[in-house]
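Each of the next two complexes has chain A plus one other chain: chain B in the first, chain C in the second.
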Partner chain A sequence: MARTTDPIAINHWYAVASCSDIKPGRIKKTRLLGQPIVISRLDDGALSCVEIDENGGSKPVPNLCEQYGFLWASLGTPTKPIVDLPEFAEDGRRVIRRGEIGVATSPQRIIENFIDLSHFSFVHTGTLGGLENAEVPKYNVEYREDGAELWATECRFFQPKASAATNLSTDVLYDYRIPSAFISIIYKDSLVRRGKKDLIGLFLQPLEETDTIVHSFALVHDETNTDTHILHFYHEIFGQDRGVMIHQTPKKLPVSPRRDIPTLSDASSIAYRRWLDKSGLEFGLDRNPG
Partner chain B sequence: MGRLNFVNPWSWYSVAASSEIPRGQILPIVLSGTTLVAWRAQNEKISVWSDRCPHRGMRLCLGGTRDDVLMCPYHGWVFGSDGACTHIPAHPQLTPSRAARARIYPCTEADGYIWACIGEPSTPQPTYITSSGNALTHVRTMHIAADVETVAAALMSRPLLSGPSRSNDGWNENLIWSNHDGMVESRYRQGDSDFSARLEFPGLVTCSITIGDNAPLRYTVMLQPTSTDNAAIHLSLDGAGSVEQQSLLNRDLIQLRSDLQSLWHRPTLDRIADRCADMMPDHIRG
Partner chain C sequence: MPTLYDYILSDECYKVRILLAMLQVPYKTEKINVHPGSDNELPAFLALNPLGQIPVLVQDDLVLRDPQAILTYLAIKYDRGRTWLPADAESAGCTAMWLTFAGNNLRPLSRLRDNALFGSEPDIDLDQCDREARHALQIIDDQLAEGEITGRRWIVGNNPTIADVAMFPALALAGEANMPFEPYPAVWRWIDRFKRLPRFVVMPGVLPLLPGVAA
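Presenting the complex of A and B:
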């Protein structure tokens, strides 16, 4: 696919690499919104990212920034700064970068799955949910920052094993934050440090409308497990999600309320689709009215 | 000339042998480009639905069955045989909305095969397949990278099993085509051998081979258009047949597929398919 012409998608910031993955002398070829790009580390240690045109010519990506250990790029003129996550600078949590995972679907399908509670019992049986406790209690959905962010708060769910650090079956409290169409962060009660939050976030890099790289991180309170053990826990869960997401049709997320039949627990999904619809974004969305 | 379009939304097509879907089993199928799921409840009832959960578009064929219901693998929504959602695990006390229903398609079983129609059927559902009265023995299902019109014409111009000897790379262009009773027939005779085939409706070809005074050997081929350029065929023998006959039918079918997919045979096949199309009554043309 050629580079998208959707100005709203073009003007977003996207994570395109984990900085430490780009070693001196190595280059990484990838795509962003259909635009081929090449990332490399210059002799002075700085990261570079260039757009490659059809004739093989290159020019620097207009906006490039390193933040939270990720390289961020925008192909246009960003209308909003990169999401603010002060927790990266706080003490007490471990930063786990969870690598890049490709999922052959739209970024919006991935965000919608990420903010969904009601699949835990069926897709993550034994860890994030149990078949005997599938009920989803009511939660709040609200827009913050003048409608620039969507939040689902006071989400509560009974989890057999909520993280790598615990084997305790317990009710876990979640807040979901969607600061952009392509980013979501979970703020989840730590089961190790009472009163503290663990963060799990997805930064999506849309290669094409229905092909996405998921960059993700965890900021967790965990003094006992190795990185490998924690990664194993997350990768098992993400692999289960991926197995579902690649089988949803259409791959682009339908925004018309007539397309799919939601229920009460889908309040966050309904709000996300409506919020996307109002934003004017076209990329990754199925706008067929149905 | 324009070829007729076999991929009629109002026609019945066989989509699987009944034996392929025992009780409690689920099978993904494709009919005319539409992705479907067929499943059988414990009470034997067969259902053919859109392979898409109305909630979030998940493929239902990856779900599970229990008693007489199908469950979506994503959120555990439970659907009864009429397609209506009866239970949403996230809200056990809630009566699901009437809008929460899987899209169902007309389906039936006849002579050991499952039949479905992706639109409004224009004919009564098949209740039996052949006029011989014999039970059918399923030989095999095979996918062929050729359009269903060409596959039908090929089957009508070339006998499987030891029919009369063939000419012109295996195809016989000296057929006598006719049409009556709304069906297309092809026939040819050579020495004491006789071959005849009949296109009963777009998804069904019945063939008969008689050699000398022997009893005729009959086989039936059900055609399933999977896309405009691809077909699945379900081959069966009228009556029990011998293991040897089944094995020979299978061998000849593999050769037929190979020839159908080869560019070398394409000009001959196009002529045969055009000839067959000329004979097609309007109601089959659609």
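Presenting the complex of A and C:
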């Protein structure tokens, strides 16, 4: 696919690498919105990211920034700053780098799966849900920041093993935040530090409309497990999600109200689809009215 | 008790997890950060396996690499009925032949999956891998389809062997390599049979049979 012409997608910020993965002398070839890019570390230690044109020529991407340990790029003129996550600077949480995982679907399918509660019992049986407790209690959906962010709050779910740090079956309280069509963050009750939140976030790098790299992180309270143990927990969960997402059709997310028959537990997904519909975004979306 | 050096998303490690579960062998797991950490390339791991590959199985003074070798060891040590690695010459020979096939000829399919998941093979020749993977799938589909006609239920004979175990992960995860199942219906039916074996375990990307769905 050629580089997208969707101006809304072009003007977003995207995570394109984990900074520590780009070692001196190594180059990383990847794509963003159909645009081939090359990331490398310069002799002075700074990171570089260039766009490669059809003739093999290169020019720097117009916007580049390091934040939260990730390299962020925008091919256009960003209309909003990179998502604000002050928790990265707070004490007490461990940062778990979860690596990059490719998923052959649209970024919006991945966000929709991430914010969905009703799949827990069937896809993450034994950890995030159980077949005996599949009911999704009612939760709130609200728009914040003048409609720029979508939140699902007071999501409560009974989880047999909510994190690597616990073996306690318990009700867990979640808030989901969608600050951009390509980013979502979970704020989840810590079962280690009562009253504190663990964060799990996805920063999506769309290679093409239906091919995405998922950069993700966890900011967790956990004083007992090794990083590798926590990593395996998250990769098990995400591997289960991935197995479902790559088979969902159409790969582009339908946003017309006539394309879905929702139930009450789908409130967050439906709000996300309507919010995308109104945003004017075309990239990754199936706008067939049905 | 054996210790398995394991990574949760590895199809090669999954081979060993399946047989350990089916033979009800208690074992310890040493989790390795293969992705994104590449800890399998660190000196501590290379001391166990100079090839830097998982899985590795350690039991007392024995250090085994290569999942096919590990399956062979576990079958002889723990399968008292000797059905998973049959003792008669003909079946043993056939099992070894298909074990080698799993270790060699299914690698392109595994590499396609690794690349789709981790982007870990930047120099991969996708077209060549795809051709080789489809060729291997066709050979297995033929072997299984022939069995359906002659009454042989598994890759070798009428009992599942470690050859079936060694093949199952790459085949069950073929969808993750963007490989279609439609041209290989006998493989599809064999995957269903395999999932019905006692003490079958899943891994992420391999769906369990739905409860209550009849054979």
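Simple rule for what comes next: the second predicted complex is superposed on the first by the 290 of 290 C-alpha atoms of A that agree within 3 Å, B and C clash if a C-alpha of one lies under 4 Å from a C-alpha of the other, contacts with A are read in each partner's own complex, and residues count from 1 in each chain.
Here is the rule we go by: contacts are C-beta pairs under 8 Å (C-beta built on N, C-alpha and C of every residue); 3 or more make two chains touch, one makes a residue touch a chain.
Being a predicted model, the structure only gives us computed values, none of them experimental.
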{"item": "Partner chain(s) touched by A:K252 [first = chain B, second = chain C, both, neither]", "value": "neither"}
{"item": "Partner chain(s) touched by A:R31 [first = chain B, second = chain C, both, neither]", "value": "neither"}
{"item": "Partner chain in contact with A:L231 - chain B first, chain C second, else both or neither", "value": "second"}
{"item": "Which superposed partner A:G239 touches (first chain B, second chain C, both, neither)", "value": "second"}
{"item": "Touched partner set for A:D260, first chain B, second chain C, both or neither", "value": "first"}
{"item": "Touched partner set for A:R93, first chain B, second chain C, both or neither", "value": "neither"}
{"item": "First, second, both or neither for A:K188, with chain B first and chain C second", "value": "neither"}
{"item": "Contacts on chain A seen with chain B and repeated with chain C across the two complexes", "value": "131, 247"}
{"item": "List of chain A residues in touch with chain C within their complex", "value": "18, 21, 29-30, 97-102, 104, 131, 213, 226-229, 231-232, 235-240, 242-243, 246-247"}
{"item": "Interface residues, chain A side, partner chain B - complex", "value": "112, 117-119, 121-123, 131, 134-136, 244, 247-250, 254, 260-266"}
{"item": "Residue numbers on chain B that touch chain A, as the complex places them", "value": "35, 52, 54-59, 62, 73-76, 88-92, 94, 96-97, 99-100"}
{"item": "Of all residues in chain C, those that touch chain A in their complex", "value": "7-9, 31-33, 35-37, 39, 116-119, 122, 175-176, 178, 203-207, 211"}
